[in-house]
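Okay, so subunit A shows up in both of these, paired with subunit B first and subunit C after.
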Partner chain A sequence: MINANLASPRQDLIYMLVFSAVILTMPLWLQPFGAAYPGLLQKFMIFGILAIGYNLLFGLTGYLSFGHAAFLGIGSYAAVWSFKLLSMNVIPAIIFGTVMSGLFAVVVGYVCLRRAGIYFAILTLAFAQMAYNLAYSVLTPITNGETGLQLSQQDPRILDRMFGIEATSSLPFPNLFGITSAGFYGFYICAAVMIIVFFIALRIFRSSFGLKLRAIKSNQTRMSYTGYNTRPFLMTTFVISGMYAGLAGSLMAVTDPLAGAERMQWTASGEVVLMTILGGAGTLIGPLLGAGIIKYFENIFSAFNENMLMDAFSFLPDWMAEGVAAFLGLFVGDGWHLTLGLVFMLIVIFLPGGMMEGLQRIWKLIRHGRHKRDHQSKSQQASAEEA
Partner chain B sequence: MSKVVLDVSDVDKKFGGLRALSDINLQIEEGTVNAIIGPNGAGKSTLLNVIVGRLPPSRGHVKFNGQELTGKRPYEINQMGVARVFQTPEIFPDLTLLQNAMVPALAKRDGQFNMSILKSLYHEAELREDAEQMLKDLGLIEHKDQLAKSMSRGDKRRLELAMCLVQHPKLVLLDEPTAGMSRHDTNRTIDLLKSIKEQGMTKVIIEHDMHVVFSLADRISVLAQGAIIAQGTPEEVRNDPKVKEAYLGGEQL
Partner chain C sequence: MSKSKDSMKVTRRSVLAGTAATTGALMFGGVAPLHFIRNAHAQEFPGDPGNNSSIVLGFNVPQTGPYSDEGADELRAYELAVKHLNGEGDGGMLNTMQPSELQGNGILGKKVEYVTGDTQTKSDAARSSARRMIERDNVAMVTGGSSSGVAIAVQSLCQEMGVIFMAGLTHSNDTTGKDKRRYGFRHFFNAYMSGQALAPILEDEYGNDRKAYHLTADYTWGWTQEESIRDATENIGWETVETVKTPVGAGDFSQYLTPVQDSDADVLILNHYGNDMVNSLTQAVQFGMKERVANGKDFAIVVPLYSRLMAQGAGEAAKGILGTSNWHWSLQDEGSQAFVKSFGQEYGFPPSQAAHTCYVQTLLYANACEMAGTFAPWEVIRSLEGFEFDGMGNGPTLYRAEDHQCFKDVLVVRGKANPESEFDILEVVQQVPRSQVEYPADKWGGELGPYKPGE
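Up next, the complex of A and B:
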């Protein structure tokens, strides 16, 4: 922990370079895992941003928000509106989505941060469900209700018209100064944004601000008797976290320009909690890992079906293969949530620090083993010399 | 008579029908060690809570260096230079000892709120050295990278003291600093408190242990049933018949 805090700027630079390289080469090294297609890669980045931002709040201050899906939805709606009204360029869309979520976070934070613990969680959940229901009912003129907000050729797109970019015969697609944001281009746009916001998160973790947030998580009473007004700290973090979620939401619209209210449902809020805890709350990389793994299994496991299982177990006698396939069938396809639930339970019970704790333990075991071997070989040398 | 740092005047505190404090008048002079003693339930901790802003007084005022403390938030009072050590150690259990000492030092430097993320902790060498020096003074330096929750109770109390002292406060309030400590640890704490001769630092100690009180205090105030029944030097208090009757119950000092 202390080592992570006192990483030198040089170490951080190397860290960021390695991190960027790993992210940008994902289309290559994810090929063997069958995950190197743009749709999934974009999701890795988008949910990665969501989880990084969520972790700033939950991992550092310990405030468990159950309403981050609302920020995600607002970011999406705002981005689509930016496409409709201003321009198909992704930059105004991202800025608009992030800012709108930030404003909403100011309101939600102002109310919810009056309470801590379970009450805070319930308040944020209430806000998110309110946003979800409003999107379906009263706010239909803005959200287009159940159909979802979509682009149309009649949209004004003021900035585009101003610069003489005329709509083609088909629906326009978001772009970055002419480069489309579909497919791998979309992935690289998301990846670039993700690397930037990861860097910001890294700065927060390394700064005195991050240390103070951790101190708030550890003992808020002591904080106020130590001379800190904790409310603005929590408020700032909540708004930053909400903006991360809004950014993720706007990137969803960038890669697929429509926005629906289902994005704001409480299950989506729950998902980011799972991602963060699964990977390791309070660690830098953990939430990203959690987001990646959940999205990977969601796509890969849910694509399995019983026929594929039957094929896989065709070497067994028929009756046995059928039984095994029927049993395993519970865990794949639509039942992949069962697998996720079991994995989550195992992690929480045996590795409360998430997968990062698991990795750390393995690393320690390896180092310990090596240390032991060194020790043994040294003592052997010593005895040989004595002889 | 030197300057009065803390001036408690006519303070009452009522909890429903219970009058926990009545007409408390207490003047504490700069640089002195003041003990507040009294039997259980006399209102010692209540008085301390009123001073640090945890409880608002029902009537009366508390002034620190001429500034009103009544109605101020605990963090504002701390920023004015009043630090408090609790009866049960209030530390940051999930942080290392060094981080525990750095957080208060940062509060002193950055004020009640600061969100700059431009400077990494790696570059805060001066601040870290201050914190390390304080841990060294209190004999905790060899544990600086351990989590505070893994320390013994006595070490936690010393850590909390370090966290207060690293802010170089003008006034320190200690709530039973030796409660639950062994004789050996108690003596160590007394030596420690004696050795801290920060310039102009004033101390107020609430204590049960007469050994501690008489080895440290310059002045003693005796609280019984929410009222101050005697004030003075240890000698004066020791010989006060009212104190003997109300508090010491004939115990030989």
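Up next, the complex of A and C:
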């Protein structure tokens, strides 16, 4: 684990290169896990971006927002409207979605950041529920209610018409200057965005601005006594975080041009909190890991059924295989929530720092083991390295 | 010294530039991973089994959420259908379906396998589940769903991806109305048919001078059902006092039921389904609405879309309540009997209407593949369009080519006053003939779209 403030730019460069390589080769190394299909890879990226953005607020300042799904939803709706009104190109949709969420974040932040702690959480939750209910019924002309906002043949798409892009008899699909955003292309578009926003998050973590945010988390009162007005810092972070969520929402629309109100439900807000805590709040990579794990459980574990389990345990005698399959069947298929709950409990109880803490412990164990081996010959160098 | 240090220094710009370059290079040069998708070899269409000895179907049903009971029963029916298609068990409706080219040796000689997914009764979850089936598991057909919102969302996804969607339980007019798709097919009836079938019975039962109060599930199905039932009842002279939308999965409906008692309505129409209907009906009965007298008449409750599972959940409350159903296990025709028998042998209880429609849809798809002689979806679509069949319950049925809606008899049912068993809760009041519920294909507009995606 690279220490937050002591990493040199050179280390950061390596870090970024490794990160980019890992992200871009996901279709290869996720193959054995049965997760290397575009639909899920795109979800990994999108929810990863959401969690990274959320972590900027929660991980750095400690402000627990329970309403981030609202920004996600607004980003989606804005992007779909951009497809409908302007162009099927993804660039305007992404910009439009991010900016709209940013504006909404300014309003919500202005009101909610007057309070801290549980009151802040409740206020953001209230805002998100309001947004959800508005989208669900009151604003039906804009959001198309429960059915969700969809593209249609009759959409104006002004920019596309201007540039003479002819409509086909089937519905158009979002594209990046002619490259469709479906399938693996969609994943690479999301991955590119992910790498860029991850770099921005990295810079924020390393900056003095990030340091001030951490100071707010550790003791806001002391921070004010030293002469800092904390509100502008909080406000900026809140808006950045909201824009990350809006970006994630617009990417959801880019890879699948449909926006529904359920995206804004409080359960969706809770999910991103889970992702961040599961992975490790306040770490750079943690939220990404958490997002990946939750989406993996949701999509892969829910798809197992008893037949597959029976196949997997067919090497056991029949009566035993049936017993094992019946028992494990509780945890997969419709029981995937149960598994997720158990994993979450185990992590929170034994690894309060999330999965990142687990990884660090393993890393330490390995280093420790190596030290012991090297101790005889190179004890002095080792201790110097340690220092 | 300082000079060399400067040249070593990595600036923010160089980091950005480096990253961008790597990203770019990998993005445009690195689409290579496509080679690693399973079955990516020379597929002519999604789900093409190629030389594989098996064909995969995707069963996408709600396993959690307000419609999970229906989802569980749908899954049972799908598993049974797969067995019968593969020649296991007693064959069920394979023996009664006419015309049929199914021989119990899989589809086109390929063994039928399946994958399952949880829609959670949410459009997003249902779509990502369907995408997993199509992109990872290479399914030839997606089927399922117990909510019209979900069915419409998955149907349009399937159109984009070029995979046939055989809708499960979806009752909204929009599914084969304004949101119809070339790749979507529905065997289940719709809200308009419910209204047309139910209205004459309501007239006989409750007369022409009634005031109706609607509670409606707030999504596409609820809206279209409310509209259809309102039109049908207003045609027989009823007045609509008030229509109130309730959120799906609300649980507690008392805040919506209290205003009903304060209004001058004498009929309550519950446009709810699944657990929502169980809750709203039970609570309405607890409010004493069955014994209520309004405007000098006995207060009546109507549940336009009724199912055995729901009646079972509502228990005592369901007694005497009128509604419509796509199918019921007590039907005496040969097809229904065969299905009830093999379902009962497998699971120990009779199937629900959701199970029936899902089972039938799977067989219809399989048969259409046999007729077309290929799995190529555009050919399968052509053989399903305008297909006429019999022997699957509901009498002679037509898959109308113009909107992919099945036309068949509709059942008007009532909660039994003296049930003989825990499954014998509904009695069929009337089997309304198909001619009474037909309507022109362009009634709600909408377009099917092309046979091949991207055309």
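Everything below uses one rule, namely that the second predicted complex is superposed on the first by the 362 of 387 C-alpha atoms of A that agree within 3 Å, B and C clash if a C-alpha of one lies under 4 Å from a C-alpha of the other, contacts with A are read in each partner's own complex, and residues count from 1 in each chain.
Please note the rule applied: a residue touches a chain if its C-beta (ideal position, glycine included) is under 8 Å from a C-beta of that chain, and two chains touch if they have at least 3 such contacts.
This structure is a prediction, so every number in the text was calculated from the model and none was measured.
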| message | Contacts for A:Q220 in the overlay, against subunit B (first) and subunit C (second): which applies, first, second, both or neither? | response | neither
| query | Just subunit B (first), just subunit C (second), both, or neither: which does A:R203 touch? | reply | both
| task | Once the structures are superposed on A, label A:L211 by its partner contacts, choosing first (subunit B), second (subunit C), both or neither. | result | first
| request: Report for A:F233: first if it touches subunit B alone, second if subunit C alone, otherwise both or neither. | output: first
| request: May I ask you to decide whether A:A7 touches subunit B, subunit C, both, or neither, giving the answer as first, second, both or neither? | output: first
| query | Does the superposition put A:Q360 against subunit B (first), subunit C (second), both, or neither? | reply | neither
| message | Just checking: does A:T339 make contact with subunit B only, subunit C only, both, or neither of them? Give me first, second, both or neither. | response | neither
| task | Return the chain, subunit B or subunit C, that is in touch with more residues of subunit A. | result | C
| remark: Going through subunit A, the residues touched by subunit B and also by subunit C turn out to be 8-9, 12, 203
| said: Per the contact definition, I'd like the list of subunit B residues that touch subunit A in the complex. | reply: 52, 73-75, 78-79, 83-84, 86, 90-96, 98-99, 102-104, 106-108, 110-122, 124, 145, 147, 163, 167
| message | Looking at the complex, which residues from subunit A come into contact with subunit B? | response | 1-2, 5-9, 12, 200, 203-204, 206-212, 214-215, 217-219, 221-230, 232-233, 236
| Which bits of subunit C are touching subunit A when the two form their complex? | 8-12, 14-16, 18-20, 22-24, 26-27, 30-31, 33-34, 36-37, 63-64, 68, 115-118, 122-125, 127-129, 131-132, 135-136, 149, 152-153, 156-157, 159-160, 174, 218-220, 245, 247-248, 447, 449-450, 453-455
| Footprint of subunit C on subunit A - complex, ascending | 8-10, 12-13, 16-17, 20-21, 24-25, 27-28, 31, 34, 36-40, 43, 136-137, 145-148, 150, 153, 168-171, 173, 182-185, 188-189, 191-192, 195-196, 199, 203, 256, 258, 260, 262-263, 298-299, 302-303, 305, 333-334, 336-337
